[in-house]
Structures are given as structure tokens and as C-alpha cells.
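This structure is in C-alpha cells; I'll ask about it shortly.
Each chain carries a letter (A, B, C and D) given by its place in the written order, and its residues are counted from 1.
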Amino acid sequence: MFLSQGWCGIAAIMSSASGADPTNIFAPAGTPANSIFSLSMLVLSVTGAIFLVVTGILIYVIVRYRMRRNSPDADQEPPQIYGSNQIELSWTVIPILIVVMLFLATTRVIYTTEHAAQPKDALQVTVVAHQFWWEYRYPTLGIVTANELHVPISDPKHPMPTYLTMSSADVDHSFWVPRLAGKMDLIPNQVNTMWIDPQTSGLYLGQCAQYCGVQHAKMLIRVYADTPQEFAAWVARQQQPAANDPAVAEGRNVFMHNACISCHTITGTVATGRFGPDLTHVGSRDTIASGSVPNNPANLRRFIQDPANFKPGALMPPMHLNSHDLDAVTAYLTSLK
Amino acid sequence: MSDVALAPGSTNVTWNPPARGIVGMVCLIIAEAAIFVIFIVAYIYYIGKSLSGPTPKDVLSLPIFTSICLLSSSLTVHAAVSALRRSQQHLCSLWLATTVLLGGIFLAGTAHEWYDLIYNHGLTIRTNLFGTTFYSLVGLHATHVIVGLILLSLALWFSLRGQMQHHHSEKLEVLSLYWHFVDAVWVVVFLVVYVLGR
Amino acid sequence: MATHIPLDEMHAPQQMGEETHRKLWLEVLHDWVTTVDHKKIGLMYIGYALFFLVVAGFEALLMRIQLAVPNNSFVSPEVFNGLFTMHGTTMVFFVGMPILFGFGNYLIPLMIGARDMAFPRLNAFSFWISAFGGFLLYYSYIGGSGLYGAGSAPDVGWFAYAPLTARVFSPGHSTDYWTLSLLLTGIGTIGTALNIVATIISMRCPGMTMSRLPLLPWLYLVTSGLTFVAVGPLTAAQIMLMLDRYLGSHFFDTQAGGSAVLWMHFFWIFGHPEVYILVLPAFAFANEIIPVFSRKAIFGYPAMVAASVGIGFVSLSVWAHHMFTVGLGPAENTFFVLATMAISVPTGIKIFNWLATLWGGKIQFTVAMMFAIGFLFQFLIAGLTGIMLSVAPFDWQLGNSYFVVAHFHYVLVGAILFMLFSAFYYWYPKITGHMLSEKLGKWHFWLFVIGFHLTFDFMHVPGLLGMPRRIYTYEADRGWMIWNMIISSGAVVQAVATLLFVYNMVISYFKGPLAGPDPWDAWTLEWATSSPPPSYNFAETPEVSSRRPLWDLKHPDDPDSDYESGPGHRRQAKEKSA
Amino acid sequence: MNSEEVEFQVSHPNQEHGLQLPSPTAWPVVLALGVALLLTGMVTSVMVSILGLVLAFLASVGWFRQVLPDEAHQPVEVQAEPVQVSTTRRLATRLPEGSTSRKIIPVETFRITTGIRGGIAGGAAMAVPAAIYSWVKYHSIWYAMNLLAAGGFISWIGASDAFLSEFHLRGLLAALVIHGLTSVLVGLLYGAMLPMFPRYPIVTAGFMAPLLLTGILHSAIAVVSPILNDRIDWFWFIASQIAFGLVCGFVVNLQAKVRTPQFQALPFSVRAGIHGDIHDRLHDESTDSDGEDTSR
């Protein structure tokens, strides 16, 4: 029991790391996560060594010096020792030396991560956290999207990191995609920055890591690391104005004549609200409700009917649309590819 | 045999631990100081961060006279304690009365300042960050002055009735420690609010 | 059920003394309500803390049931958020602090040979105002919309980050309950801490210089000093929050230029020393219990005192290691990394000194000692995970994850609660006059160890797999389920073990063998009076000449005083040997 | 808030009519309730606050009248039943006291300054091979120093060899701090621990310890200081480590005269001072102890 400590657990996870666990901090896929990983291995081996030594001494002591009932001097007090300057000094100085070493290593990683020089062609993304969803704005590309962040992969030979400039519209949140980087808080009235550079394409998951209210648990993050071609295609699609398919004109009408427009934006229409996610290309996203359910007409319909179906406590109120209008709006939103 | 423990009645040890009243008051002062530090840090942190007026420069004037009154009351309360130590009850009453009077003048000065700020300058606790931090910090200090004045008035009352004896001088000293603390805090508050913050 | 036990226990000593005519129930109650006796107040603190321990433990169980499987809907998100807020707040303010102050109240005057605390009435006042604070917090379940929908229980987390606590984001009174009850206990806490410091400084019996003070009072001195330095900022921050919520000021109002980070600073200036406030008394118990059951004097007394004082001071400058992800900037982060790592040095000294105390001793494996050894082992691990978290980049990954939850529960349960159990087994005979059953105690120990390790060892893992804390549910595809299942099952085992402990306390009170004044053959003054001690503690004020006065009495031919510092004593020793 | 009670307890412990203890009082609990209700009113209704205020006021007056002008006490009967303090455990040999109170072993151990002196001497000695290496390889004695300093300067991570060969004041200061601190610490450690390894101090200090340290550093250096890792020459590194160990060990060894034959015969834990059970092993040798062994 005693020995089944975290160390064994850690070893177990690390061996099964790569595929199974999408948010494993020991399966880094970007530079910041990588440098944290190698630092953490140093820390783990230092603490592991200390653990083994001290536990070894503890076990030796309690076995060797246990009271033996049948020994001839069982009723005798052991010799009284009050202390020893030399040994106490030793176990003061050794920890100090270890601390100095760890401190130097830590300082270096702090500075190389927080003070990294920014390449000129780095992609800039502004992240605004809301209760309980993420707004991503690409100021240089003129794109606004929500909950699903697309970034290009970064080849170590031609680094193409993405710099996130982060703030919050309401309360504190925290952006955490464990395989890409450590977390960074998003705080109202304060601007923080961090950077990520995924090196293989794919989907990286994460979620809000600072308690932000009722729906904190469902404030999920999806980062899509695209190849340069995929990313260019995605950018081109997102830069299009909102689709205007006559087949769904009825749903469009319902949308524009309800309270939807006071919270949501669809470019090129009267909907210019800012409280909720931008819906210009909502149909192109894989998920809705900040990543908690797949984006298909059935889910979308249930969500519009009452967001509490998927996210109890979400700030969007139930819209009280009749069944026909629901279908129409769902069709309209699905068409916004 | 003198080193055997628990020996009753072996009174060759001189044993004078510090008086508990003094120790308790010092502890209380440390705790109160921690509270004040937080309010002062908040004040300094928010200097110049208000999004709208009025600013300290517009509305604050130096309360020199009332500050002198408050600071000199530290001397008078000290005089009261030493009078009681010498068993001069009447002198003690006189000094206590002076202290209460000086403290009262300070409090009246603060009240007048607040009245002026609220009604003539429209600065309330909700106006801006300056109002928020100013009223809370100065108000916290004024609350301590009020508590001190109540206790000093009680002491004065007992003193006038002749119930304050020589053996109460330690209690009065404990009270005077509190009053000295309130004065010392004012020095800091004065520097932060009226000098640094203006 | 379990909650009545402490009360029974508390009434008991009174009935013992009054064998001739049994007092009416109301009279007994009157005695307890009006008492200024440090022992009764200490027991009330302990009883009250045990009551809330059961309550908050129950809340933890509910949370673990909810988290056992992904996408569970056992409780609603609102209720879950209330549960973790109340669990944290209760455990820190209404279990941890009171139970430690309870032991302090009971033991310190006995250990320093005093009749009572320095300010007995203030002592009673401090207890009652803390107690009312706890009741006010739980009244929130009835206030607001009533029990249905969980009333208006606070749901902002125990560190209540601004601006989630602002009126805009937290309408109603839920946050007010939190603030007001913390203000009330804050007053009580400062009062008791002040009382303990004044008692230790001013009420020591003759001969007990600071260098002869037993380590328990010494550590309580540090912890109490830390208390009023740390609780002051908390009180100040609460006042500001009240001003914001009631008078519309803008301390933490980000819309008006206020700062959310300022609250974090203020809270953690309190919050981190608070951890040491809670853990130092656990060290204090270890410092008394480990030597007695090793049959040796504590190893390196001066180093232990220095390390404790050092921890006290350094702990005041480490608070922002809770804020590595806030964006303080590299220089600030570096400073707090260094300060935090520095604290591991005195902590290491303590662990090594305890090991050296065991070394060469004759270790008796009483239940108290088993819990103390469990404490040593678990505190070591808690310290090592603490070092991992102090490495800021590692913390960017681990912070606010379940790894952190596992780490601080390792401190709070693995170290502090284990040492508290140890203290119960050690001092229960003194308090009641009866021994606790060792057999039941061993069952309790092993069950609790198994439950503890099931829960908190495996709780590190989901943190490493990216599971943030304070989420009411989680996605099925993250690979967290198996770990959460194990964690939840361990929680049940712990609950069973705790019930066994409560049962042991009840049954032993009635059936346990009589303890006598000194069942452990111990060395500090509390064992020099009868069990339970009379209201006046000592008929005659004792006088001491070493750190272990009872050792000197038991071995007059070889007293400790010959071996402790002080020129006078050394001279005496030389004369004696000459 | 007076000291009467304290003086009373100390100077008159034995009273005919028992002892005086503070009398029970309800005012603290009433005051606490009053204050609690006062605040509770903020979340319930104003009437609760008013009730709380009244209670608090009454209780303050009541409390005040109890302690002023003099505190209320009540006598308590003393049950004269003296508590026996005794033990059945016998005494073991205690190690005799040395010249200072915490000295256990009857030998001279080091003084703290010894270790510091050794550390400084060793640190100076260590700089010599480092400078030679720099001169041989880069024709500049500053190279090794700057390399060490780069561990503390993040901006130097990509620095070139030419840059590292120049003299930089910042580099000198950083290297001095890092090198000085670690040298003194390791020196202290030598001072404390060499007496525990009395048999071959020079071998231990001069070769074993440096090799051990190099091994640890070798595995950790990539994370601690990548720039050092890229350029380090392990042969010269070990050379300078051994220079440190030999000089520091020598200096410490000069001053700590602990290697009496009797001391060398002691087991490690006794030499370290954490164990006192020398009786089993040394009972034939007269150790001049003042506590007699009662077990035989």
C-alpha cells in the first residue's frame, strides 16, 4: 500500500501517454509544454530520490528500533540524545544546495517561456473569455470565431508560433491546453499573453481552469492545429461573409426578429450583439455549447430550445420558440458554413 | 537538589514574566496593524487609477491643526499614566480630560472634512476609486479613534469618581498603548493620503 | 448520530465531580455556556469542530458520488458549486482552526503549569463568536430560497475570487453569508490567538524559561503569531468586499478600474500562512508524541524552534505562488519560486529531526504513534509535491488541477488529520480519564490509511491528465473516469474508518480502562495532574528546571537539566560529578 | 488586564480556603451572540441587527462591571490528592557531557568558520583549472566564468564563443555569486560531514564527493543550464571539482582534529551524533561517564 505512491502512478501514465489521454501534461506537443516537461522530469527525479532516501531511513528506523518486548533491557530507557550540530548542519546545507539547483533551472524556464522573443510573422489572436465560452479574434485576418481555435502548426525550422493576447469580459478564467502549454489566467481589466506552437497537426483539448461560475465545468477549449494549407483554407472560408441561402430564409427571418440579435453577431445582417458567440460561420464548427456537444441539427435544436439541456446555468435564456420556428432557425444556423 | 522539578515552595527563583495585559495589547496592535497595512496598500495601489474625478488634488486639504491635536493627545495620555503611577488621581483626571478633548477635536475635524467632501464636492464612496479607498481608510482610522475615545471617556469617568487607584495604572497603560497606536497609524495615513496621494 | 458524541463527552467530566447529586440537564448546559475554564472551552472547540468535520465530510462524500462517473447528474451544478465552497470554507475555518485552538486551549495552560488562560472571559467570547460564525454560514442553506435548491449557500469557492463575488455576478445573499461568517470567526480567531500568545508569554510557571518551554507551546506561539498577522488581511479584505457589496464601493469592481488581482493578493496573504497556521499545531503534536513513544528526548530542540520560527517568517512571503498563472511577470514569479523553495529547508530539518528522534529509540507502536508515523510518511510526500508545485513552470500545468487538490489534501488530511487522530489517542486519557481502545484504534488506523491512500494517491493522476478542480462533471473521453472511481471508493472507506473512531470515543468513555494520571510514562507537565485534571489544574503551581520536568522527577539521579544549555546548570553538573 | 492574579498565583500557592479562579459568566456568550446577530441582520432583517445591538450593549456593560474595578473570582475547593509521578523504566547510560551542552561525543568537532574557510579556499582553487582550461582552449581566462554566469542570465543562452571569451562585469558578478554561494555551502557541508568519515578524509573529500557531484550534475545539467551543457568539457570539469575537494578537504582537515582511534571505532550514526548507544560496543573502554549503567 505504502509503496503504491504517485511515482508508480506517474510511471504508469507516462508509458501509456501519447494517444489515450488527450489532456496528458506528460505528452507535450509544443515548445512551452516541452520545456515544462523536461523541467518536470528533473523535479520528479530530485523529489523521487529524496522520497526513496527518506522513506528508506524511516522504514529502517521503525524496524530496527522497534520496542522488543522479550529483550532483556525492555524496561530500560534508551540513551538520551539531544542533538548534533554536525548532522543538523548537513541536512540543512544539502537541501539548500538542491534548492539552488532547482531554482536556477526554474528561473531559466520561466524566462525562456515568458520572455521569448516574438518572431515577426507570428500569428496574433485575441482571446476574450466570457461566462461560459471563448471568443477568438484574429485582428490581422479579420476573423471572429468562438470556442474552436484554429492555429497553424509550427515547424521547428520555420517557427510559426501563435501569440494569444488574453482578457476577460466578466470574471476570472484560465486558458489551459495541457499538451500545448501551461495555463494562463484571463482576468478582467488586465491583459495577459501566452504563446503556443503545436508541432503536429491535430486537435488539442483543454478547458477553463479557473472557477468562473455555474458552468465552469463545461467551458471547454478545442485547439485545431492545421497544416499551412488547411489553415489558409480555413482562413479563406472564415473571411467570407455569412452565407445567405434563400432556402432557409424563414429561419433567418425568425432569427432576425427575435432577441437572438441582441447577443449574437452574424456579419452582414442586423444581428450585431456581442454578449454571445459570433455565429457568422457557426455551421462550420464541429461542436456547440463551448465544445460540449457535437454540432448537428438535433443538438442545435435542443440547445436553442433550452440551453440548460446541455449546459445548466448557461447565460443564454430558453427562447420559447414553437416547434416550427425551432426547425427553421436550426436549418438557418446549420447553413452558416 | 534545586534542580529537581516541581519542587513546591522553593522560591529562590525570581520569576517575572511580562504582564499579560501588555502582551495582549501588543498582539492586538499587531493584528490591527495588519488590517491597516492592507487598507494602506489598497490606497497606494489605486492612487491615480480612478476613471473619473474628483481627484485628491482637487478636493483634499491638509488637516494640520487636527493632526497636531491628535498627536499631542499621545503626550497627554502618557502624562495621565505617569500621574496615576505617582498616585496623583486629580492630575490623572485632568490629563485624561485633555486627551478626550483633543481626540474629540480630531474627530470633529474629520466629520467636517467628510461633510465638505460629500456635500460640496460630491465625493462619496461610490464616486470613484479615490472615494472608495479614501473613505474606507480614513473611516477605519476614525472608527479606531471613536473606540479609543469611548474607552478613554470611561477611564475619565472612573477617574472623576475616584475609583481609579494606583493599582489600575497598568490597565491605563494598556489603554494608552492602544491610543499611541491609533496616533501612529494617523501619521502613516496622513503621509499616504495627504502627502503621497495628493 | 455521530454529532452528539462530543457533547456527551463534554458533559461527562462535570458529572464525574458531582456524584452526590446529579445535576439537571439545564444546569449542566448553564455550566458549559457560562464557563471560562480553558479545559471546557477547549472541549467545546473540539466538539464543535468534530460536528463540522462530520458535516463537511458528508459534503465531500456527496461531491465524490457526483464525480465517480462522467456526466453524472446526482447533484445540480449549482448545488455542487455550493458543496465545494462550503466544504472548503468549513474545513478550514470551522474544523481546522477550532480543533487546533481547542487542543491548544486545553493543553497549553496544563503544559506550562498555569491555572487558566491569560484572559479567560475573552477566551469564552472568542469561542462563542467563532461558533456563531459557523452557524451563520450554515444558516445560508435555510436563508434565501430555502433548503429546496440549497438555499443561498455560498458558491464562489473558498477563495472567492473577485469579481465573481461582485453583486453583478453573485446576486442575492449567498456571498454575504460567506463574508459575514468569516468576519465573525476572524474576530474569534484573533482573540484566541492573542490569548494563546499572552498565556505562553505571561503565564509560564516559575523556572520555565523560553528555552525550557515544551515544543507544543512554542509552536502554538508561532502559529498564533502567524494567525493575527494573517487573519488581519483576511478581515480587511472581507470589509472591503462588504463595502463593495453593500455600499457600492469599487475595490474589486473591474468595471470602475478596480483590480481582481488585488483580491487574490489579499486573500493569499492570508491564505498561505493559513496553511502553516493549520500545520504547525500538527507539528506541535508530533513534537510531543514522537519523543514519548520513542522514549527519547526530541532531537535538536533549538533547531526545531528555529525551524518553526523560520517557517513562520518565510511563510509570510510566499503567497503569490498561488498566482503563478495570473500573469505577474517573470521577475515576480522568480521571487516567489525562491521564497517557496526556501521554506522546504526548515521543513526538511523538521522531518530529519523527527527521524533522528526515532533513531536509537525504543519505538512503541501505540495507535498514537502509528498515526504519527503515518503523518511523517505522508507529510514527506506532501512536501515533495509541494516542491513540484513551487517550480512555477510545472505549476502552470499543475495549478488549479486535481494535482493541487491531492497535494493540499495530503497536507490537510495526510498530515494534519493524521496528527489530530494521533493527538486524540494520546490525550484522550488525560481528558476523560479513560483509555481509548487500542484494538479498535488499530482497525481505525489501517482502514483510514487504506482509504486515504486510495483517495489521495490516485487523486494526483487526473491532475496530471489535465483535470481542473471545481468542475461538477467531466467529459467521458478524457480518460479520467477510472481514477475518479478509485478516488470515490477510497472516500467511502475513510468515512467508515471515521465512524469507527467516533464509536471508539463513545465506547471507551464508558468502558475504557482507567488511565491514571500518566498512562504513557510521559515527560511534560500535563501528566503531573490527575486525569481528568481538576478545574484548577495544579493544586500547587509547579516549578521546573528543564524541558522535561517529569523526566527529572522520575530520574532524580540523572535529570535533564544537567544536559541542557545555560551556564548555571552546566556548573552544577560539573560540581555534581566532581 | 492586571497582574494581580499572576502574582497571587506565584507568591501564594498554598491557600487555606482553596484557590481563586475566575467566576463563570454569561456575558461573553451574550456579547458574541449580540455581535453575531448584528451581522446576521445584514442578510436577514434590520430587526435582527437591532436586537443584536441591544444584546451586545447589555453584554458589554455586564462584562465591564465584572472586571472593573476588580475581577470577579470564586473560590474552588482543592481535593488534596497528591499525584504520584514515577516510572518503572530504568536508566541507560548517558553519554557524558562535553564542553558545550549539545556536544555528545567526547571529541573536538569543527567550528562553522572551518567549513566556510574551507569553502572559500576550495572555491579559489577551483577557479585555477577553470582559468587554465579557458586559456588553453579559447585564449581567454574569462570563458569558464562567463559560461557559469550564463546559468543565471537568460539572455546569454544563444551567446557565441567569442562573446563568452570577453570580459563582462555582469558575468563576473553573476559567476561570483553563483560560485561563491555554492562553494561556501559545500564547504560548510565538508566541515560538518568530514568528521563523520574520519578514515580517509582526503580520498572522501577530494575524489569521492567530486565524482558523486559530477555524476548528479551530468544528469541534471541539460535542464539547469543548457548553454553549459552544450559546451562543458567534463574532463576539465572533474579536474576543477577535484581541485576544490582536495583544497577544501585539506583546509577542513587541518582544523578538525577528531580522528582519535577511539572515535574512528565508533559506528557512523554515533559519529554523526544521532545515536548514543555506544555502550554495547564500547563498554570495555572507560568513557568516563557520570551516569552509571544500572542494567548490570
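Heads up, the rule we're going with is that contacts are C-beta pairs under 8 Å (C-beta built on N, C-alpha and C of every residue); 3 or more make two chains touch, one makes a residue touch a chain.
Because the structure is predicted, anything quoted here is derived from the model rather than measured.
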Of all other chains, the one whose Cα centre sits farthest from chain A: B
Innermost chain, where centres are averages of C-alpha coordinates: C
Pair with more cross-chain C-beta pairs in contact, given B-C and A-C: A-C
Distance between the centres, which are taken as Cα means, of chain C and chain A, whole angstrom: 34
Inter-centroid spacing, chain B versus chain A (mean Cα positions, whole Å): 50
Chain centre separation (chain B, chain D; CA means) in Å: 40
Residue numbers of chain B (touch at least two other chains): 6, 8-9, 11, 15, 17, 19-20, 24
Contacts with 2+ other chains: residues of chain A: 39, 46, 77-84, 87, 96, 107, 109, 111, 115
Touching two or more other chains - residue numbers and ranges from chain D: 6, 10, 13-14, 85, 88-89, 91, 94, 101-102, 274-277
Contact footprint of chain A on chain D as seen in their complex: 88-95, 101-102, 104, 109-110, 112, 115, 151-152, 154, 157, 178, 181-182, 185-186, 188-189, 191-193, 195-196, 219-220, 222-226, 272-279, 294-295
Residues of chain B defined as touching chain C within the complex: 2-11, 13, 15, 17-20, 23-24, 27-28, 30-39, 42, 45-46, 49-51, 125-126, 128-129, 131-133, 135-136, 140
Sites on chain A touched by chain C in the complex: 1-2, 4-6, 9-10, 13, 20-26, 33, 35-36, 39-40, 43-44, 46-47, 50-51, 54-55, 57-58, 61-62, 65-67, 74, 77-84, 87-88, 91-92, 95-96, 99, 102-103, 106-107, 109-111, 113-115, 131, 170-172, 174, 176, 178, 181-185, 187-190, 192-193, 205-218, 220, 292, 312-313
Parts of chain C lying in touch with chain A, wherever the complex brings them together: 76-78, 81, 155-157, 161, 163-164, 169, 254-255, 257-261, 294-297, 299-303, 325-327, 329-330, 333-334, 337-338, 341-342, 344-345, 348-349, 351-353, 355-356, 358-365, 373, 376-377, 380-381, 384-385, 387-388, 391-401, 449-450, 453, 457-458, 460-461, 464-475, 477-479, 555, 560, 563-564
Residues of chain D that touch chain C when the two form their complex: 6, 9-10, 13-14, 19, 21-29, 31-33, 35-36, 39-40, 42-44, 63, 66-67, 76, 78-89, 91, 94, 97, 101-102, 269, 274-277, 290-291
